[in-house]
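First, the structure itself, so that you have it in front of you.
In order of appearance the chains are A, B, C and D, and numbering begins at 1 in each one.
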C-alpha cells in the first residue's frame, strides 16, 4: 500500500488529503494506494512554483540545462527495476513490457540531452546592405502536460524533458490510475539536479485539468488520451487563446498482402494486438487481409496462438498479458465483444471468460479474435482498448487503403509485404500519421516525432522529437542594422567622439 | 468603376450578384466598384473546386509545381504598375508604398520557388538493425486564408504561394474593402499555369468565413486581421478540430536610447508611424524615450516634420500619406485622439482637421503626435490604426522593456542605439515576436517567418517562411524493415524461391 | 563555321588568336570552329577581372544576387533551342538528349535561386551566460571550374551558379571540344544582369589549368573529367594548399535480379548504355545478371534492339545515337572491343563497322554487346566511354555487390528488382555514391548532391546541391558577449554615462 | 615514472619497446616516462585491428553506438582529477587550465551523444512521378587523427568521438610529448563499452604518420599542429587521393577600440596571452590598439600584471603559468625575444630570466610584453607559441582589419568594443575563421565547428561540430522507383501472380 503518493510542487512532496481516490492493483482488484486530488489552492501553488522557477531556468544556458538530462538518464537506467515494478503494480502490464515502455521513455531523455543542437536558430547575414537577421527559439513560460494511464512512465517523458530543456517550466497532471512510476521518475529528475519548481506534478480530474488550462500563467498544453477528451482540451485551450497539441484515439489497421510471410505476420500481430492487453494507442486492432486465402490462412495461424496466450499478473515473467486497467474498462470490452456477436461478426476466439487462478478478482480477459468484421460494426468503428483483434477482408490493396482512409482515426498503420511498390504505394497514400512497412508498431524513434492524422491528433505539431522543440518554443525574428559614423566610407573611422568625450 | 469584381472559382470569374456591397475610393469617397457577397452555394462551389483539384495537384512533383511560381514571379514583375494602381485605388496608400508592399509579396513568391528544398524530410538509416525511418511532409488538402485590407496584395502572398507549393489547394477570402489587386494577381497565377481549382477566391463577410471554417473539406485556416477576430477564428477553428494560425493586432513600441542618432530616429519614425496612415500591423505607434532630454529633443525634431507631411491622394507621387481606408475608421481615429486629450495626453501635432483641396470627400487625416502618454490611457492600450504617434517617457531601458512586456500585444518593436549590449539585452528580454535593432519596421525577410507573441498571434507556427511550410503540411513518420529470406546471414542469398518458381 | 569563339573576360568576348586549335563537328568530321588557347597573359586578365569583381559581388545581399538567377533561368528557357543546336553541333549527341542535358542544368540554376535559404547559418543564443554564438558561411573569393566535353552545358551549370550565388567570382575552363554552348550560356547570364568579372571563361589545355590552380587569387578548384586528371588536379590543388573537389571516371553496374521485369530492364539499359554513345559518367556499361536464365533472357531481348539502334547525326530527330566525340576516341573504343574479343568475351552485337550514309567521315559507331565478361578483362576494368555494354554473370546479389565493391570506381549503380529487401540491402551495402533502385541513371536531383565514391571522386564534398554550398563557402564562427555597465544586475541600468554627457 | 605507456591496439595495451624515447616533466626537466615508437609492424597491427572492427561497428545503429558515449561522458567526469594530473605532469600547464581543457573535450563527447540526430539524411518524396530520392551519410572506414602536445586530452576528443559515432574506426597518433592523459581516456572509452579495434592508439614520429596516411585502409586524415606540418600532411593525403583536414598555426590579434573597458581588456588579455604559456592555437599574441592613447593606457595596465604573474609548477594551484613544453621550445622563444629587441621592438616586460625556486631545471619563462611592434618584425610574423604579447599600434579599425587580413594566418581574433557597428563591421570583414566580440578566446562551442582561414587550415570542413560529421561521412544519394503491376490504375491489385505462382 503506497502511502506516499502526493503532489510534487517546488521539489517537495505535498500530501493534500482533503479529497482522495483509491488506486487499484488491476491484477488483484485490491486497492494499493490513495491518490490525493488537488484542490484549487494546490493547483495555484503548482502554478506559482512553476512561474517563479521559470525566469532563472529560462536564462540558464541550454548546455547547462542539458547536464541535468545526462545525470537523469543515468538515474533512470540505475533505477529501472523499481520504476518497472511501480508500472506493473498499478497498470498491470507484464514487466518486460514495462521495461520496453521505460526504454522508449529514456530515448526521449537522450534526445533532450541534445538541446544545444536542437535549439539552433537560423542566421542570415546581409539580408540587405549591412543588415543581418536571425530567428531564435525562446521558451514559452509555464506549460502543462496531461497524460494517460496506458504508458504512465513513457508519455510524460515524451513531453517534459523536451519542454524543460527548451527552457520552460512544467506542470504534469498524470493519470489517476497509475501515478507512482511517474512520481518516482520526477523525484529522480530532481536528484539529477533539476531546480525546484521547474517540474511539478499535481493529481486530479477534469477540474484540475480545466484550472490548469485556464490559468493565466499557462502558455501551452500537451495532451495524450482519448479523442473526445483530446478534442475538448484542444477547444478549451483555443478558447483561452493558447497553443495545444492533443493526441487522441486510434484504430490501427495492419494490411496483410498475399506475398507476406504469414509466420512473421502472425508473430507480429500477436504482440501488436495483445501486448499490454491492446491498451496502446499504437496497438493493431484490425487485420485487413488482401484476398480470402490470406484471411483464412492468417486466422488458422492466429487461433491457436491466441488460445495459448499466457494471461496473468504482470509480475510473473512467464505471462504475456496482464489485466485490463479497471473493472469498468473490462466490462466495456466485454460489451463490445457481445455487440459484435450480435452484429454478425464471427467470433473465432473468445476471451471473455478467461480467469486466472488465485487472481479471480483481477481484471483479466483472454485474447479475442473476430473474422468477417465490416465497417458498419461498432467493434470496427470504436477504439476498444482491449485484447481484441478483428479481421476485415478486402480484395485489393486499394480497397485496404480506402478502408483505412475512411476511418475517423489515423494514428498508426502497417503493411506486411515484400513488395517495394506495395510498401511505397501504401505509405504514400494512406492517411495515417505513422506508417510501418513490416513494422507492426511503427512508433517513431525519439529523434523523429509522434503523431496521428485526422481525429487522432488536434494541432499542427507532433509529440516529441523535432516537432516538440518547435511546439515548446516561440520564434523570435530579429533584424539588425548598426548606424554608421563613417566606417562605410572608409576614411575617418577612429571613434574620435568616444575618446574625446 | 470596376464592373469586373467576381469570385474566382475553378479558374473562372464568377459574378454572383444577388448580394453586393460597394467599394469606395478612399481618396474621393466615391464608389469605385461593387463587391459580390458569396452565397452559401457559391462557397460550396469553391470548396468543391478546391477539393477536386487537390489530388492531382498534391501528386504533382514539387519541382513541377515550382515552375508555376517562377513564371508567376515574372508576371508579377511585368504587371506591377497595374497591381499597384489597383492597390492605391481601393486602399488609398501612395503608389511608392504599394510598390513596397508588392515587392515584399514577390519575395514570398521567390521563397515558394524553393519548395523542393523546403519540403525535404528527415531520413534515418538503421534506427535499429536493418530498420530505416524517415519523416515526410505531406499536404493537408483544402486550406483557407482570410486576409485584411491593409496589405491587399502582400498578405495573400504570405499564404497561398506557400500553401499551394506544399501541394494544397486554397480558398482565399480577401478583404471586402480592396479586392481588386488580389483578384488580378490570382489571374496572373492562372496565366502562369496554376491548374484550375487549386486557388480560388470568394468574397464575403462573417458568414462566408464561418462557412469556410466549418466546411468538412477545410483542413487549416490562416488569418491576418484584428485581435478580436483573430481570437474568434482561432476558437472556431479549434471547435472544428482544425489547425489555425491567426495573426491579430499590434501596438509597436520604438525605444529611443540616449545614445541614438536622433536624425536617424526621426526619419525612421516618420515612415514607421505615418507610412500608410499607420494602418500597418508593424507600424510604430509608441515612441518610448529613455530620459526626458531624449523625449524633448525627439519631439522637437518630429513636430515640424509631422506638420509638413504631404497628405493627399496616393496617385500623386509627391504625397507621403494617403487617406484612411473608410469614413468610419477615420472617425474612430478622431475619437481616439479626442479621448486622449480628455485623458490628459499632451497633443503636440493635431491631424484631425486636415483637409485636402479637391479631395474634400476623401477620408484624410493629418499626422498626430502626443507627448506624456501613460499606460492607463486608451490611446496607449488600443491599436489605433491611424497616423498617430504617442511618446511615453521612461528613465531606463529596463522600464522600457517592462512597459512593452506588459502590453497585451507583442507583434513588433525596435530599439535605437549604438550600444551592443543595449541591443542584445533588449532583443533577448523583450516579449515581442519581431525585433528591430535600429530597424524601425522589422518585418522578417521572406526566408524567416512573421509572427507576434502574446495576443498578436494565436497558434504556434508563424506566417510565411519556414514555419508556413510546417503549418501547411502534415508530418508522416515511416518506419521500414524488409523481411529477409537469407540476406542477413550472408550465405545463401540467391532468391531461390523466385528463380525456382 | 563559328568565328566567334573567344574567352569571356570581364563581360567581354576576347579573341586571343596567337594559338588556336580546331573544333570538329563529329557527325561530319569537318572543322566547325577555331578555339583560341589562352596565353598566360589572358589567364592573368581573367584572374584579375575575377579578383576585382569579387568584393562588391560578395557584399551584395544574397537575395539581390538571386535576381540574376531568376532572369537567367528565363533566358535559358527562351533560348534552349539555340543552346541545344550548339551542343549537338560540337558534341554530336542527338537533340532530344541535348535538351535533357540542358533541362538538368536549368534545375541547378533553380536551386541557386534559393540561395538566401541555402546560406543560412546556425545561431545559438546563450551558449554561456549572456554569450551568443553563430556560424556564417562566407564566400571564398575567386574559384575555378574545369569541365568535360560530355555535358558541355550541364556540368558548368553544376558549378558556377552555386559558386556565384554564394558570393564568389568564377573562372571557367570548359572543354576544348565543345565550348560554344557554354559560351552562349555565359552570355545569357550577363544579359540577366550578372556583373562583369564575376564569371569568366578561358580556353586552353593543361597549361591554362595549371596556371589557374597555382594562381594566388584562386581559393578553390572544381573539376569533372577522367580519373587520372581528377587525381592530378586534386594533388596539385592540395600542393597549393587549396580545397578541391575532383570528379573522375566511372564503371557503372546495373544488377538485374531474377524478379525484375525484363521488358522494363531492356528499355532502361538501352538508354542508359547507349544514350549519348555511352559518353556519360553515369552511363551503365556493365549489366550484372543474377542467375544464368536472367542473363540469357536479357541478352535475347537486348540483341535485336541494339542491332536496330538508329545511329546518325544528332540533328536528325529520328536518330537515337549520334557520333563519338573524336576520331581518336572512336578508335580507342574499337581497340577496347578488339581486346575484349582477344581476351575471351563473347561478342553478341558488333558496332565497330557501323557506317552512316552521307556521313562517312563522321565518328560513328554502332552499339556493342558482350556476354561472359569477367573482372580480369580490360573491357571490364576500364571506362570505355563508348556504346559498349558488357554482361557479367553472377549467381547471387551478394556476389553482385562484391563485384561492384571491388571495382576501383564507385560513381553510380542501379538494381532492378521488385523486392523491397533486395533494394535496401543493395543500396545499403554497395560502395557507390549514387544508387538507383529501378532507376538506371540515378543522377540526383539538383537539391541533392552529385558524387561518386572510391576513385570516382577526390574530396569530401560532392558537386551541386547542398554540398556545393558548403564547398563554395567558408565557415566563420562568431562568439559574442557585450560588456555590461549594469544591465545584468537589474537595478541601475540607465546608461548614466551617456545621459550625463 | 610511468612505465605503462604503450600502444593501444584492439583494446589491448601493447609494449613495443624496440625503439623508445623519453618523456619529460617540463616543470622539473626530469624524465617521467618512456614512449615506445611504433615499428611498421605495430602500425600494421593497428590498421588491421581498425579494419576488422569496422564492418560490425558501422552496422551498429547510431543510437546503440551513442550509448557508449553516454557512459564515456560519465567516466570522464568521474576520473577528471586523474586525467588532469596526467596532463599537468607531462604538459606542464596548471591544473585549473587542464580542467578547462578537459571540460571542453567533454563537450565534444556530449555533442557526439547526439549522433542519431546529427546523421539524419535528407528525404525527398516525389522528385518525379512515383520517384523518391534521399541522401544518407555513411561512414568512411578507417580514419586517422594526429594531434598536438598543447591540448593532449582535448584535441583527440575533437576528432575520434565524432568519427567513431559516425561509424568509423579510428587510429590516433598523439603527441610524443604528453601521451598519458589521452591513453587513459582511451582506456575509459573501452570501459564504457567501445568495442575493441574501433579506437586504437599508436605512438611515433613522422614515419608512423606517413605509414598511416599511405595505408590503403585509411580513408581520411585529421590533423592539428603547426602550419608546415599541416601543409605537408594535407599534400601527402591528397597525393594518396584522400580527404584531409589539417589545422595549422595561428597569430591571433585582439583589437582594442577606444571605447573598450580597459580593465576588462587587461584581464582578458592576461589569460588569453599567457594562459598555458601562450601555447594555444587560440592564444592572443598580438594586441592591436586603435589610437596611441589606448596603447599607452593598455601597456600601463598590463605591465604590473605581467610582472606579477605567478609562474611555477602546474601542480601548485596558486600558480598561473607553468613551464614551456621543452627546453628546445623555451630556447626558441628566447631567440624570438632576442631578435625582436634587435629589430627595434620596445621590450616592456622581459620574461627571459625568470627562474622558479626549487625548479631550476624546469623550462620556465616569465611573461613578456613588447610595444611598437611592426608587421616587418619576425616576432610579428611567426607563431611564437610562448608567453609573449606584442602591441601593434594603428589609428583606425580599418587599419586593424587590414593588418589582420594581411597576416598569413587566420585562426582566431577578437575585438574589444561596446559599439554594435564596430563589432559587426569587424566580424563581417576580418578574414579569420573564429571571431570574438569581447570574447578573447573565441573557441566555438562544441555544436559549432572549429577552424581557421588562410594558412591556419587546409581543407574545406572544420573540426568538430557539424562539419566533422560531414567530414567523417560519405554522402550516398539514392533514387528509387518501384515498377508497377497495376496498382496505379486501381483495378486489379491483388498480387495474383505471387499467390498463383
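Throughout what follows, a residue touches a chain if its C-beta (ideal position, glycine included) is under 8 Å from a C-beta of that chain, and two chains touch if they have at least 3 such contacts.
Just so we're clear, the structure is a prediction, and the values are computed from it rather than from any experiment.
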| item | value |
| --- | --- |
| Chain pair with the higher count of C-beta pairs in contact (A-D, C-D) | C-D |
| Greatest separation from chain D - chain, by CA centre | B |
| Centroid distance [mean C-alpha coordinates] between chain D and chain A, Å | 42 |
| Whole-Å gap separating chain C and chain D, where each centre is the average of the chain's CA atoms | 35 |
| Shared interface positions of chain D, touching two or more other chains | 63, 116, 120, 122, 124-125, 127, 134-135, 418-421, 423, 437-438, 445, 447, 480, 482-483, 485 |
| Complex contact set, residues of chain B against chain C | 63, 66, 70, 73-74, 107, 110-111, 113-114, 116-118, 120, 125, 130, 132, 257-259, 290-291, 293, 395-398, 419-425, 428, 445-447, 480, 482-485, 487, 490, 492-495, 498-499 |
| Residues on chain C engaged by chain D in the complex (per definition of touch) | 122, 124, 127, 131, 133-135, 220, 231, 234-235, 237-239, 241, 243-244, 260-261, 264, 418, 423, 427, 432-439, 442-445, 447-451, 453, 455, 458-462, 466-467, 470-471, 474-483 |
| List of chain B residues in touch with chain D within their complex | 59, 61-63, 116, 119-129, 131, 134-136, 138, 417-421, 423, 437-438, 501 |
